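Have a look at these structures, which come just after this line.
Next come two complexes built around chain A: one with chain B, the other with chain C.
And then the complex of A and B:
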């Protein structure tokens, strides 16, 4: 990430490469490879196929959540409502598919309804943020607690067991050795990559993050792009909710706890700048892998899971401190 | 000219809106439930508000500067764990230790924010994770109940003087100290100046970084004090003791009329805001709203209050 200034200097020359693929994005990859080698040397079990499957299962939910959050952070905004939308999605799913609390059995339609719920909550985020001009961290802080509150109200303090074989199959049934949920997460990654690189929305998101005033003057419908991006992020969080419900086998109101933290850690560790305009979903994939590999390494070394939250906190501070371009921001609030 | 009159009018309404809301809410609940207006009930309301008010007071200093502190609930929980673990060995010293740890944590997140130039919401989000992790590790991931010997040392929290709960008196002392700091000292003036316009404050020689770090120390220190009091009232400490208090605390500050953009606000407004939140909570309990579902209301109130109080001229681009 420290290579960034030199990279931008060459970029302004005749380098034809698009700025998204420049060399700075390789720093997290180097960190990831180094981590893998170190942990592999300490505990050779790290490189076993079983461990890879285990890590992929841990990575699938942070990856899907991180994809949504990346788009928001690329615009220079932030989304704290990850846990709210995920919890709401997981709880609603658990009540719509074959379950232990009511007679519903909507199957695949349940999944579509949950995706629609995620999109709507994301849309509400965007509308409040853009139309009422409330900063995104405040809007999404409120929506975070509203989402968890609604999930709680729906459940009434209980948990709903999921009996649908299709949903449970996402976590249990395997294809080429990996659970279907992992393939679903990879599909989401490809979709996000396409949206980022080959659609107008993707271009606009980068433009907004690079300089909103300029973007607006160039005729980009800034408000609409923001609302669409929050809606898109909401859909990704809803997918995260579906995967979380599948993994746990039930929907409860605590299902989202701690996930916001991992998501933001993954995005910033991957090298996406909080100031917007730099980074992308491909870097978030690396960020997620760094977080998961480090956690896995700590587990292999016998470090308690409660310590991992603290380590993630320090990683956020280190990654943000390294990636912030101090010339761009004179006032930090 | 018309616009000017309108602006003054709107400002005046904004200034008195929170107090008017509080009075209307109290009267409304009083009509439905007349016992609510009896001194005993009102004192109960005051004691229940104290912890929230102290948390909100700390974060007011940071919000006045235009920043935010998302680590207060973790700090308060950590403080409760520290007290629960050390009270039998250190006695009154455990309270001092907890608040000192709070001040130290505030110093560190302030330094991370100012020196590393990390936005305050992300620096304190990360700091909150570190504090939560610390609380989990030292408590062994469980809730620690305090014995009778510890309860005697917590008389200053749980007891009463002339019928007034001590916790209310502690709250009033915090109010006096915080109000003095905010309105009568150089730090308070500088904070308001930085919140109103950081480049101008910097240009006129205000040591911006130092004021910011001090604000974070206050925020975290007061959060620790709130945790100490919460531990005393519940006679236990746990890593998630105050987890539900972040949203109500920030909502209290904003509902009171302190703008999230900084520069405008006072401790009095936070007091009014904290009382509003408490009264709303009591009102919802009367109506039988589930305690977790109450977050729906607080979340909505927070967004609405921010939308009303925010100074949009200060943020041409809302991100």
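And then the complex of A and C:
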């Protein structure tokens, strides 16, 4: 699996890893398969093609957001601006394509503008974080609120209905049984995988997460890598905004609510370490599927609503506990 | 630095003494208009203040528009405070405006959480301002315990409207079949009441089966996901969807649309937001209830304003004018067009002096 190649970027492919760690890295896949079997036994409808399509619709947005967040977390940073950029993207999109509030009809150009906005906000994240040396936690927290605030100001609290058939088509029109949005999310996944495994940026991101001082000493332009990664993440969040707007058929300032929690959960459950340097976008895919399957399954199995949110919390703690190699960590803060 | 600039502009040497004289004159001119505004404040209109959760949802945005319309009608200064879901901020902002106006203001507040109402009311009483609360307050906090400053509390009984929507839904389904229901935050008073109304309607209609009830926490995203899962679980058994608010109802419509069933499965919401009324007009929703936030934002201020300016004496009003349920407007396919024309296409015209016109009984705890 590509995990090994990625790990070798920091370890320079030295000693073979102990067996216990191998099992830990496969744990998310095992959990996913086990979940599917259990839920399928209780409600056979789970395995129907229709349900796979619906789960893929639910998974497409967390997946795209998770791809962006994975790169940030791989560097050992955190990005809380997910909801801010997503909301801003969705709101701007709803105002640029054919909609119920103004006469704009930019179509595909609207999408490019939204991607550019996502990239710029991500770039700002990176510049503030690197040049002003503000921790990523605080920078992105601020940008989160700024993003939602600007979205608010743009719409004045109202919702704009999207009438553009192209945007709505992402959620409604299908190819091989799956909505176009799902294919778009998969395309993003492939792009992220290529960036992670076959580009210099991808290798640098792992190097930064593995040990930033070492990376800097070996001549990696740390600041530039960080800014580029935040910009890249911003683009992914903007894609998430486009998909969210397509799915609900509207843009409003609340469209991002709750997305951050799902995103971070998916990344962590997939096995990407919050300390940086370990994991990857392929694991985030598994993490997203676990979260989506579990949520879908809890409804199918008739689990009480009050229990559902608690199960998600337990899942995060369990996932982190499983993924940590305790031999490597002496101090926990 | 400033001195240098002035030198430059006047193109001559200015002595220190001259400079100070000039500064004093400028200061006096600056202070003068401030004094004028202040006296205008005191003698004429109290400032009217709306404190609401946020401006990021259509409901509170319309509330704010109603407040502005009322302030405009009497020529008072209008201030909007936003809690952003933060109780501390909500209370602190109200205290700040009380201090700024010296208590010469009227506050119409939708407290972020029920316990917040007490400190808000106490602060207003101490400052001499008049206050009207809406939706949230502790059951044992009563306007008549804070005479005359705590003028009234307005709420809406979710039970009859939750029931009315369930009945509208059942009618649209032809009186039988299976329904699924999306609830609000489990511990939230309106969510509990609306669900109770749904349950009453179901008891009266034994041919209708409640397939499942799930909490989607007022969130569109969660409602979409839950509805998707239901479409798997129950498929064609679903012949109607009841939602505790419009946002969740619209998300359910989108889930149905992705399944090619929008417009064939009736959906009801509550709140009366614009997109829901439009969905009723194009046949994708069966009904909603409008609380008329425009009325809430304007009339809450009007009631406080009339009390503050001596229009009526709160202490002599009956209890059902101090703690009352307002009236919601039920919108179905029959009434959607006229509601849209009168309330959405045009800014509604309300008689702000008809302060007890929508009293719908005293609140029961």
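Convention: the second predicted complex is superposed on the first by the 292 of 333 C-alpha atoms of A that agree within 3 Å, B and C clash if a C-alpha of one lies under 4 Å from a C-alpha of the other, contacts with A are read in each partner's own complex, and residues count from 1 in each chain.
In the analysis below, a residue touches a chain if its C-beta (ideal position, glycine included) is under 8 Å from a C-beta of that chain, and two chains touch if they have at least 3 such contacts.
In this text, all values refer to a predicted model and were calculated from it rather than measured experimentally.
When the shared chain is aligned, no partner comes close enough to touch A:271: not chain B, not chain C. When the two complexes are overlaid on their common chain A, residue A:133 makes contact with chain B while staying clear of chain C. Applying the stated contact rule after C-alpha superposition, one finds that A:312 touches chain B and leaves chain C untouched.
In the superposition on chain A, contact is made by A:146 with chain B only, not with chain C. When the shared chain is aligned, chain C comes close enough to touch A:255, but chain B does not. Once the two complexes are laid over each other on the shared chain, residue contacts for A:89 go to neither chain B nor chain C.
Once chain A of one complex is fitted onto chain A of the other, the partner contacts of A:75 are limited to chain B, with no touch recorded for chain C. Contact with chain C, but none with chain B, is seen for A:46 once the two complexes are overlaid on the shared chain. Of the two partner chains, both chain B and chain C are touched by A:157.
Of the two partners, chain B and chain C, it is B that touches more residues of chain A. On chain A, the surface touched by chain B in one complex and the surface touched by chain C in the other have residues 148, 152, 156-157, 253, 306 in common.
Across the complex, chain B meets chain A through its residues 65-68, 112-114, 116-123, 125-130, 132-134, 136-137, 141, 198-199, 247, 250, 260, 262, 290, 292-300, 302-303, 306-307, 310, 312, 315-319. For chain C in complex with chain A, the residues that touch the partner chain are 54-58, 60-61, 64, 183, 186, 212, 214-215, 219-222, 224-226, 228-233, 235, 247, 250-251, 254, 257-258, 273-275, 278.
Interface residues of chain A facing chain B in the complex, by the touch rule stated above, are 75-78, 128-130, 132-139, 141-146, 148-150, 152-153, 156-157, 212-213, 253, 261, 264, 268, 274, 276, 304, 306-314, 316-317, 320-321, 324, 326, 329-333. For chain A in complex with chain C, the touching residues are 43, 45-46, 48, 50-51, 54-55, 57-58, 100, 148, 151-152, 155-159, 161, 171-172, 179, 244, 247-250, 252-255, 257-259, 295-296, 299-300, 302, 305-306.
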